[in-house]
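Handing you this structure, nothing more for now.
Chain IDs A, B, C, D, E and F follow the sequence of writing; residue 1 opens each chain.
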Amino acid sequence: MALVRLIEYAEATPEVRSVYDDIMQTRGVDWINNFWKALANDPAQLRRMWHNVKQVMAPGALDPLLKEMIYVAVSATNGCEYCTHSHTAAARKKGMSDAMLMELMAVVGLANETNRLTNGLRVEVDPQFR
Amino acid sequence: MALVRLIEYAEATPEVRSVYDDIMQTRGVDWINNFWKALANDPAQLRRMWHNVKQVMAPGALDPLLKEMIYVAVSATNGCEYCTHSHTAAARKKGMSDAMLMELMAVVGLANETNRLTNGLRVEVDPQFR
Amino acid sequence: MALVRLIEYAEATPEVRSVYDDIMQTRGVDWINNFWKALANDPAQLRRMWHNVKQVMAPGALDPLLKEMIYVAVSATNGCEYCTHSHTAAARKKGMSDAMLMELMAVVGLANETNRLTNGLRVEVDPQFR
Amino acid sequence: MALVRLIEYAEATPEVRSVYDDIMQTRGVDWINNFWKALANDPAQLRRMWHNVKQVMAPGALDPLLKEMIYVAVSATNGCEYCTHSHTAAARKKGMSDAMLMELMAVVGLANETNRLTNGLRVEVDPQFR
Amino acid sequence: MALVRLIEYAEATPEVRSVYDDIMQTRGVDWINNFWKALANDPAQLRRMWHNVKQVMAPGALDPLLKEMIYVAVSATNGCEYCTHSHTAAARKKGMSDAMLMELMAVVGLANETNRLTNGLRVEVDPQFR
Amino acid sequence: MALVRLIEYAEATPEVRSVYDDIMQTRGVDWINNFWKALANDPAQLRRMWHNVKQVMAPGALDPLLKEMIYVAVSATNGCEYCTHSHTAAARKKGMSDAMLMELMAVVGLANETNRLTNGLRVEVDPQFR
């Protein structure tokens, strides 16, 4: 159970509904996931976060699928269950296969291993890398 | 200063040198970075880790540049200075521009933000995502 | 299911009961939460941890509500489900409203985002901040 | 050395300068810290992040000093050197004394301790907390 | 529910079965735990990870029980539920008592506390420690 | 530079000196490391933390060397530079060789890898482990 009430569309204020409508239209879906329903307890925060997600995840120097996979990589590293499920679902919708997911996780696991070996042994950065 | 001595090529055993040689040849460079020099204090671990890196980072379902960018994303999330420098250097060598780096970091930052909002508000996973 | 048995008041030794009694009296409650029941498997650790919590969370240079909110901020950052629930409950008892919780989470989320942007881009500390 | 060039005011585009000007005016300072100079490599991201910081850190349900202290708590938990220095400086400017800083850190330390005891022993959330 | 299908022995390819057989024989058990069944979606990764675990966890300069306890310490610090359960079970099989587990957790908790106090106060490393 | 002044013995109050004396006597050293000098800005916290360290790190169900190695494992996982240096020094004083350190780090690295693979793939805990 979330720490705050989840605000359903039916009971939302017009301000919240306009964000919900934009989310559904932008993503081509007909439902709102719980993350936004929780944020809706603070309509200004809901609007701000949606604006951020929309801007950052739009096509740019990187393609949207790559961005979703980076999102999954960070979420797996942080152990965020919700985020791992939701962004894996989004990445699959954009074309990630099981083979790509398994290989993504292999890189995430390896990076976490070498991050700790390097930090643990306090290895200094080579001048060539700076 | 690292916690252990860095093993230079000149003083390395034949076993260590053969791994060093493979690293330089595989990567097309003529020097060994400190990470491997630290691991060389345990030749079996050096060999094992290099075998892992070589296998995981090879082309497969994902292309090598994407893999390096995921490595940077994880390293930035974990705050590993060495790893961020070394894998950013590697990603740039494979074609990552400044614009791509800035956009990568934007996704990493945003993912860390929403990871904490979701975990902090204890949002439950929507059945549609499972 | 916890990794260790939860020690109920009825079966507790006098040493454990005296800590349980102090917890209930200090907090004005008539039940013991699972965290302490797990620690009670090591009575010396139970006593030490309760002594720490009691001393650190007492009014001092900071007021108790602010301290609970810092506790929630750290727990959300670490993704500790139990701690987020228990300290949010404690903070609410001390006066935290839903609006305050949402704003607290907004700061926690933003701090996690800029922490990673800063670490990821390896920004050096300005001399003015030291 | 940062991964990207730091954009100084003198060389900045009008778009970047307008954000820099707003930062200096809002904070009542006459210099720009390195975090923004790094973000300025992506003017849209600079604008977006400043907009976020300005909105989230403004007075609201929580007072600005409390928000800065939460920022310090998260940064200490994440081990972000830059963020700890910059937000401690900001908190001191808003009235945080050494005694308050020491007490803040005591709570941060304790929360990290009990977060791991709870997660480590896999203690289940008491129904009373939900 | 895992993000990928769990591959049961009955439906596994000969390549996967040979790893499963080695896991069961090495550990003296007659079942495969879910971690390996998930990795089996990528047989090369399954083989690689099992090879790593087998090599790293074998007796060497440190005894196997100590290694399992370090595994539990890291898993508790990272908040990995699966890993905490599985490696606590493994450590118990190798002789860890409840008293040892409680003391292990006390060290893990304390280390996490002082890690944050040190990072939070930005204490510099004494020359004597380097 | 630390966020707070380091309190040297010569300028310390009798209350602080008595803790410093106990640290030096217990450890058989004639100097105080920076961690304690930073905590001394809050004498009650200095006393409390030293009391905790002394109690938790004393011989018990686990031997002191094993405890120091767990401390190093947690510090490496958290990326705490100070703690990694200080507890590695302490572990070496208690008998940890370079071979033991390298093997410790191998376990820490591997545990961080499998923690993320497990969390990333959202593997469910096998009933046999509970």
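Please note the rule applied: a residue touches a chain if its C-beta (ideal position, glycine included) is under 8 Å from a C-beta of that chain, and two chains touch if they have at least 3 such contacts.
All values reported here derive from a predicted model rather than from experimental measurement.
Considering every other chain in turn, the ones in contact with both chain B and chain F prove to be A, C, D, E.
Comparing B-F with the candidates A-E, A-D or D-E, the pair whose contacts agree for more than half of the residue-numbered pairs is A-E.
Judged by contacting C-beta pairs, the busier of the interfaces C-F and A-F is A-F.
Ranking all chains by how far their C-alpha centres lie from the centre of chain A, first place goes to F. Computed centre separation for the pair chain B/chain D is 27 angstrom, with centres defined by C-alpha atoms. Averaging C-alpha coordinates per chain places the centre of chain B 34 Å away from that of chain C.
Shown for chain F are the residues that touch two or more other chains, namely 1, 3-4, 39, 49, 52, 56, 75, 77-81, 84-85, 88, 99, 102-103, 106, 108-110, 112-115, 117, 119-122, 130. By the touch rule above, chain A contacts chain B in their complex via residues 1-4, 31, 33-35, 38-39, 49, 52-53, 56-57, 60-62, 66-67, 69-71, 73-75, 77-78, 80-83, 85-89, 97, 99-100, 102-104, 106-108, 110-115, 117-126, 128-130. Considering their complex, residues 79, 84-85, 88, 98-99, 101-103, 106 of chain A touch chain E. Within the complex formed with chain C, the residues of chain B that make contact are 72, 75-77, 79, 81, 84-85, 105-106, 108-110, 112-117, 119-122.
Chain contact summary for the complex, chain D toward chain B: residues 3-4, 39, 41-42, 45, 49, 78-80. On the side of chain A, the complex with chain D involves touching residues 1, 44, 48, 52, 55-56, 130.
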